[in-house]
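After this come two complexes, each holding subunit A, first together with subunit B and then together with subunit C.
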Partner chain A sequence: MSAIRRLGGFRFWSLIPFVVVAAVFGIYPFLRVVQMAFGHVSVRGGGMTFEWRGLENFHRALEDDLFHHSLAISGIFVVATTVISLVLGTALAILTDRATKMQNVARNVLVWPAIIAPVVVSVVWVLILNPQIGVLNQALSTLGLPEQGWLGDGVGAMAAIIAVDVWHWTPIVYLLIYSALKGIDSEVLEAASVDGANRSQTTRHVVIPMLLPAIAAAAVLRVVMGVKAFDEMYLLTRGGPGDSTTIISLLIRGIVFDEVDLGYGSAVSLVTIGIVLVMAVLIFAVRPILRRRA
Partner chain B sequence: MKRTSWSSETLLVISMIIIAVPVIWLVITSFNAPREIISRGFEFSMSNYVRLFEGDSAIGAQIGNSLIIAVSTTVFTMAIAALAGYSLSSLGWSRTTTGILLGISALIQLIPPMTLVPGLYVVLQQFGILNSLPGLIILNVLFNLPFATLMLKVYFDALPDSIREAGLVDGASEQRVFWSLVLPLVKPGLAAVGIYVLIMAWNEFLMGLTMTTGGDQAPITVGIASLVQPQAITYGPMAALGSLTVVPIIILAIIANKQIVAGLTGGAVKG
Partner chain C sequence: MGIQRRSLFKAGALGFGGLATGAVLSGCGNNEGSLGDDSQPTATGANGAVTAITVATATTPWLDGYKAIIAEYEKATGVKVTLRDFPFDGLQTQQVNAIQQQSNAFDVFQVNEGWVGQFYSQGWLRPLKEIDPDFAWDDGIADFDGLSRWDEERQSTSPDGEVVALPLNGNIHVLAYRKDIYDELGLTPPTTWDEAITNGKAAMEAGLSKYGYVTRGQGAPGGNSVTFDFSCVLHSYGAEWINDPGTDWTSSIATPEGEAAMAKYLELLEIGPANPQTIDQAAVIAAIQSGDALQGHMVVAVAPQFEDPDKSNVVGKIGYAEVPGGPKGPRPISGAWTFGVPTGLPDDRSKAALHFMQWITSKEAQTSWAQKGGVITRADVLDAIGDDQPQLAAMRDSLPDVHQGIRYPFGQAVLQSTEVNLNKIVAGQSGITDGLKAISDDIDAAVSKAGLGK
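Right after this comes the complex of A and B.
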């Protein structure tokens, strides 16, 4: 009996720190976001006053062109970065698997960007993209080509933050696909080659179909990362020029800290969380259907 | 014996160049004299590094802050996650309890941290830990805890129940079984998750930016960000500080490559 009582003791306190952190610093702040979304919060001299305003913030969000623009920009950003990094990451994984001499070095170097601080990634790309000192314009002028503004116009800035994100996070896709690739039974590949398939046929008809579950997992992960993105875009473009790269996290930061409007910022946050959850539910609903087809 | 595919090797080398050259360029720029950076020449100089720590610069304090935040976050996260992961894995919690806690973990991983920032800001202010290291440590723990717990739970799940039962039969307490018997068996998992959390906390920027005023309570990532200004002539110091931040991480990546790969792939899938 004493063993059971002892178990009860350790059983509970082993879980308590986790529950306390999640409740006090996860759930409680979330509830404060919900509360503030229904009112106007004014900050005066360190104190905060809350005034109930009902659905006012949500009505404003419905009519806010900048919010809708920001959702669209985020959508483009998420789709572009996910697709490009999936293609490149899968290709790199297959190349590494085929290589003999470069395999070990590649497995090491190709991971670097994923562990570099996003802030430093921004610094690296400022040094590359800057029109005056950037290495990209230096290369262009050496080749006798006209120098570019890069982050100066809307389309260029958007292309640049997509390129930077792909450079930064393709390694994650690469690692996931490469470890799935290592898990493929070599007998399957031998069977394919015995049947007369050459290497590109084997890759296309045997390897890639077997990698699909890993590719799907990587796709979900990259979508989540894309929705969360903030650091590099904040430092490289601040959402500009104009609002051409104002992805959703940049918009919320601006509302909360530049306009000091915690009520509206909370409402926009809440709507964003809602959209993310609907997307998550859809993905979970679609997954079994895809699996049955495969 | 696999034959060498020269096209694969070549494409890989090109990819590695695309990855490594920007990082090497950063380090080269950091050793270039400021006027040579502007005029696109090169002259070896340490002046960018010297300038970082001149006068009443907060950089030194910020590097210290980041070290404290990264180490404390790792220690607290690993302690809390190991206990919770083991508890959920082996101590007979109901499916409902496990489901709710893992569900909350998944949600914290899923939603953009920025959407919680308004709430976190007022809560930290309420507790009087806004613009302080304890506040930043707690938030780093919060955002690393879900995946660390899920990862370690998977490692604990892989151990047979008979280990714990044998310990209990021999008269050891539950705490002792956990500490002396089970924990040593998941050392590889602890190393992989721990290094991953350490890197995440060292790299963290968003909470440092929004929960501090950017002075000597801020982490080094915020210090770097304050140098990244479109028009300012701070390229040299910016590159120097970037190099100081990134070189330790690259060295860690080369030494502990196996653990980092395990942490990244696990962290990615669980995240």
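Right after this comes the complex of A and C.
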């Protein structure tokens, strides 16, 4: 038996495109980031020069108050957007599943926000929230109420970007949960009904437990999306006022592209990746427990 | 065994997921907007002469005028110019990528005042005398406080430095004011910040203006927003981000002068739109265009937008003057653009690029550009135009007082701090003393990290 046949024949070859793409666009850039994180990279004259600095960039990250602040801001953002979108997405999936009229329309309309480009979403929300020309303040003004600086104070700006992100990406959670909901064996629900459970009890004690693995998967997805979030904040608040909404992606952008400090930017990126991996591992560790409970 | 294999796959999937996440984040590393394949090679004619060049530029309010003058260059020389425009901060990234990857994607770089220290100190622009040993500075071109010259020893721009660029757009601060309201109230353009505030309050009390003064309060990390507009108040009180780049790298912003300047800036913002911490340049322009604001200081390049009947309610009603001053007199800030030749470009392309730059800054081209409303960089042409274009007349009158913007090699690190901390002060998130102290500390750290100030 040839080595290739032992490796699985077509199954082996079909992986090649994926491996090549992953190597070129994933592994190679990642290894470059790892390399740069351990040095000082300067772009002088005609190209890049690398100077080994060991753990210096990581020590700097540990002492950088702005990095700590950005991590905290990102933590708040990720937790809030993940929890809210999971609750909303799950509720919408269950409600849509139970709808007796216009179910198809609801299913379609609910996913619309997710297919809009983030830049367009940002422009739409700028036109809603802008203190001078925004629709919200125009409405308040028409009603004789004082205008508000929706993006003008730290809490308001953070609430605004959370709201925009939840509005934009809850449909993804909805789709995942709704698919899982449709996969639940109807006999299980019928059995619950035969046992005398009403709709509320069935939802609480049967449906939601069975959805927990899907909810955990959606949670991982939303955590990663939350850490990657960039467009809306960049266009809506630019990290302000002050640094109230400077989430980690905005900070990394500034270090890498404005200060052209590639070494430190890489180190900050690596630390962030490490934190995301830890969170992902924790959620995956909890998943089997959830599955057993389900 | 099966369980082990499944676990292995899971671990692998998780690991690869992590790597994929890393790849997404590392996409920020050095590949954003990579020019790579879509760079346009410069064409060379049969006799070896360069027949086409690619010029990088930003999407600015003066882009249309630049295109028009480039069309004249193409007509006069037969050289085809591909103008590639990018958003303000995207331009910096594209040019850094071009240098980093040595792609020679552009024949001409365009450098904003705020990037000057970075581009010059890193050797990303080729000294013009190296391209053409006969190159000599044309005395008709305004100096903008040494904007185009780099002194390697001092690590700063200097009138005595080596010429590495030419000024492309002479954007400096001017005061734009409603001359109709000023006339109605019998006021004269303010020469001090206090007069500006008094005039602003008078117009508001008379019900002639919703806002007495408008200027930027929003911070834009990566940009130069509130820092730029505050600088002309700061320097008019005698405080400096860096006292004397090249010899004294200490900062004097956390001083009584700096605090007085900040307090005055807050007074100006108080008679402007609510939530000044959200006011960016677009909002400033809109406040003037709508007729809501009496006055404000801004770059001269925005003036044509007030005279566009499709966008403005105040066509023909805006007057221009030098910015008001503090105890040290007026200090309009240079927010000019320069253009230069990237390092690493082949000699023939470098020479073609330099020819393009010299043509654009020639007296003939600048006169034509000024007639199209361009913010030109030749003092002799500004003198010749006289008062025909009021914004250029104000610019001409301001040139002797121009103060350089942030041009240090570590300028971006300074801006990262100033944009955030000034915005915090404006938003009331930190007090004047604490906010300026935070900036001063960050400047000290940036100076130290750059190995300067010893």
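Rule of thumb we're sticking to: the second predicted complex is superposed on the first by the 253 of 294 C-alpha atoms of A that agree within 3 Å, B and C clash if a C-alpha of one lies under 4 Å from a C-alpha of the other, contacts with A are read in each partner's own complex, and residues count from 1 in each chain.
Keep this in mind: contacts are C-beta pairs under 8 Å (C-beta built on N, C-alpha and C of every residue); 3 or more make two chains touch, one makes a residue touch a chain.
Quick caveat, the model's predicted, so the values are computed rather than measured.
Peer 1: Which partner does A:G154 contact after superposing on A: first (subunit B), second (subunit C), both, neither?
Peer 2: After superposing on A, A:G154 lies in contact with subunit C but is clear of subunit B.
Peer 1: After the superposition on A, what does A:A217 contact: first (subunit B), second (subunit C), both or neither?
Peer 2: It touches subunit B, and subunit C stays clear.
Peer 1: Which holds for A:V83: it touches subunit B only (first), subunit C only (second), both, or neither?
Peer 2: Once the two structures are laid over each other on A, A:V83 reaches no partner at all.
Peer 1: With the two structures laid over each other on chain A, which partner does A:L62 touch: subunit B (first), subunit C (second), both, or neither?
Peer 2: neither
Peer 1: Identify the partner contact of A:V188: answer first if only subunit B is touched, second if only subunit C is, both if each is, neither if none is.
Peer 2: A:V188 sits against neither subunit B nor subunit C.
Peer 1: Of the two partners subunit B and subunit C, which one touches more residues belonging to subunit A?
Peer 2: For subunit A, the partner with the higher number of touched residues is B.
Peer 1: Under the stated touch criterion, which partner chain does A:L145 make contact with: subunit B (first), subunit C (second), both, or neither?
Peer 2: Touch status of A:L145: no partner.
Peer 1: Looking at the overlay, does A:A117 come into contact with subunit B only (first), subunit C only (second), both, or neither?
Peer 2: first
Peer 1: Once the shared chain is lined up, is A:P131 touching subunit B (first), subunit C (second), both, or neither of them?
Peer 2: second
Peer 1: Touching A:S42, do we find subunit B (first), subunit C (second), both, or neither?
Peer 2: A:S42: touches subunit C, not subunit B.
Peer 1: So subunit A touches subunit B in one structure and subunit C in the other; where do those two contact lists coincide?
Peer 2: After superposing on chain A, subunit A residues 22, 25-27, 29-30, 32-33, 36, 48, 130, 132-133, 224, 227-228, 249, 252-253, 256-257, 262, 265-266, 269-270, 272-273, 276-277, 280 contact both subunit B and subunit C.
Peer 1: Which residues, counting only subunit A, touch subunit C once they are in their complex?
Peer 2: 22, 25-27, 29-30, 32-33, 36, 42-48, 130-133, 147, 149, 151-154, 224, 227-228, 238-244, 246, 249-250, 252-254, 256-260, 262, 265-266, 269-270, 272-273, 276-277, 280-281, 284
Peer 1: Considering the complex alone, what residue numbers of subunit B touch subunit A?
Peer 2: My answer: residues 2, 4-5, 8-9, 11-13, 15-16, 18-20, 22-23, 25-26, 29, 37-38, 40, 79-81, 83-84, 86-88, 91-93, 101, 104-105, 108-123, 125, 138-139, 141-142, 145, 149, 168, 173-175, 178, 199, 202-203, 205-206, 209-210, 221, 224-225, 228, 235, 238-239, 241-242, 245-246, 249-250, 252-254, 257, 260-261, 264-265, 268-269, 271.
Peer 1: How about subunit C: which of its residues touch subunit A in the complex?
Peer 2: 10, 14, 16-32, 89, 92-93, 96, 99-100, 102, 118, 122-124, 218-223, 273-275, 277-278, 283, 286-287, 343-344, 412-413, 415-416, 420-421, 423-424, 426-427, 429-430
Peer 1: Which residues of subunit A touch subunit B in their complex?
Peer 2: 3, 6-7, 9-11, 14-15, 17-19, 21-22, 24-33, 36, 48, 92, 95-96, 98-102, 105-120, 122-128, 130, 132-133, 135, 138, 167, 171-172, 175-176, 179, 217-218, 221, 224, 227-228, 230-231, 234-235, 248-249, 252-253, 256-257, 262, 265-266, 269-270, 272-273, 276-277, 280
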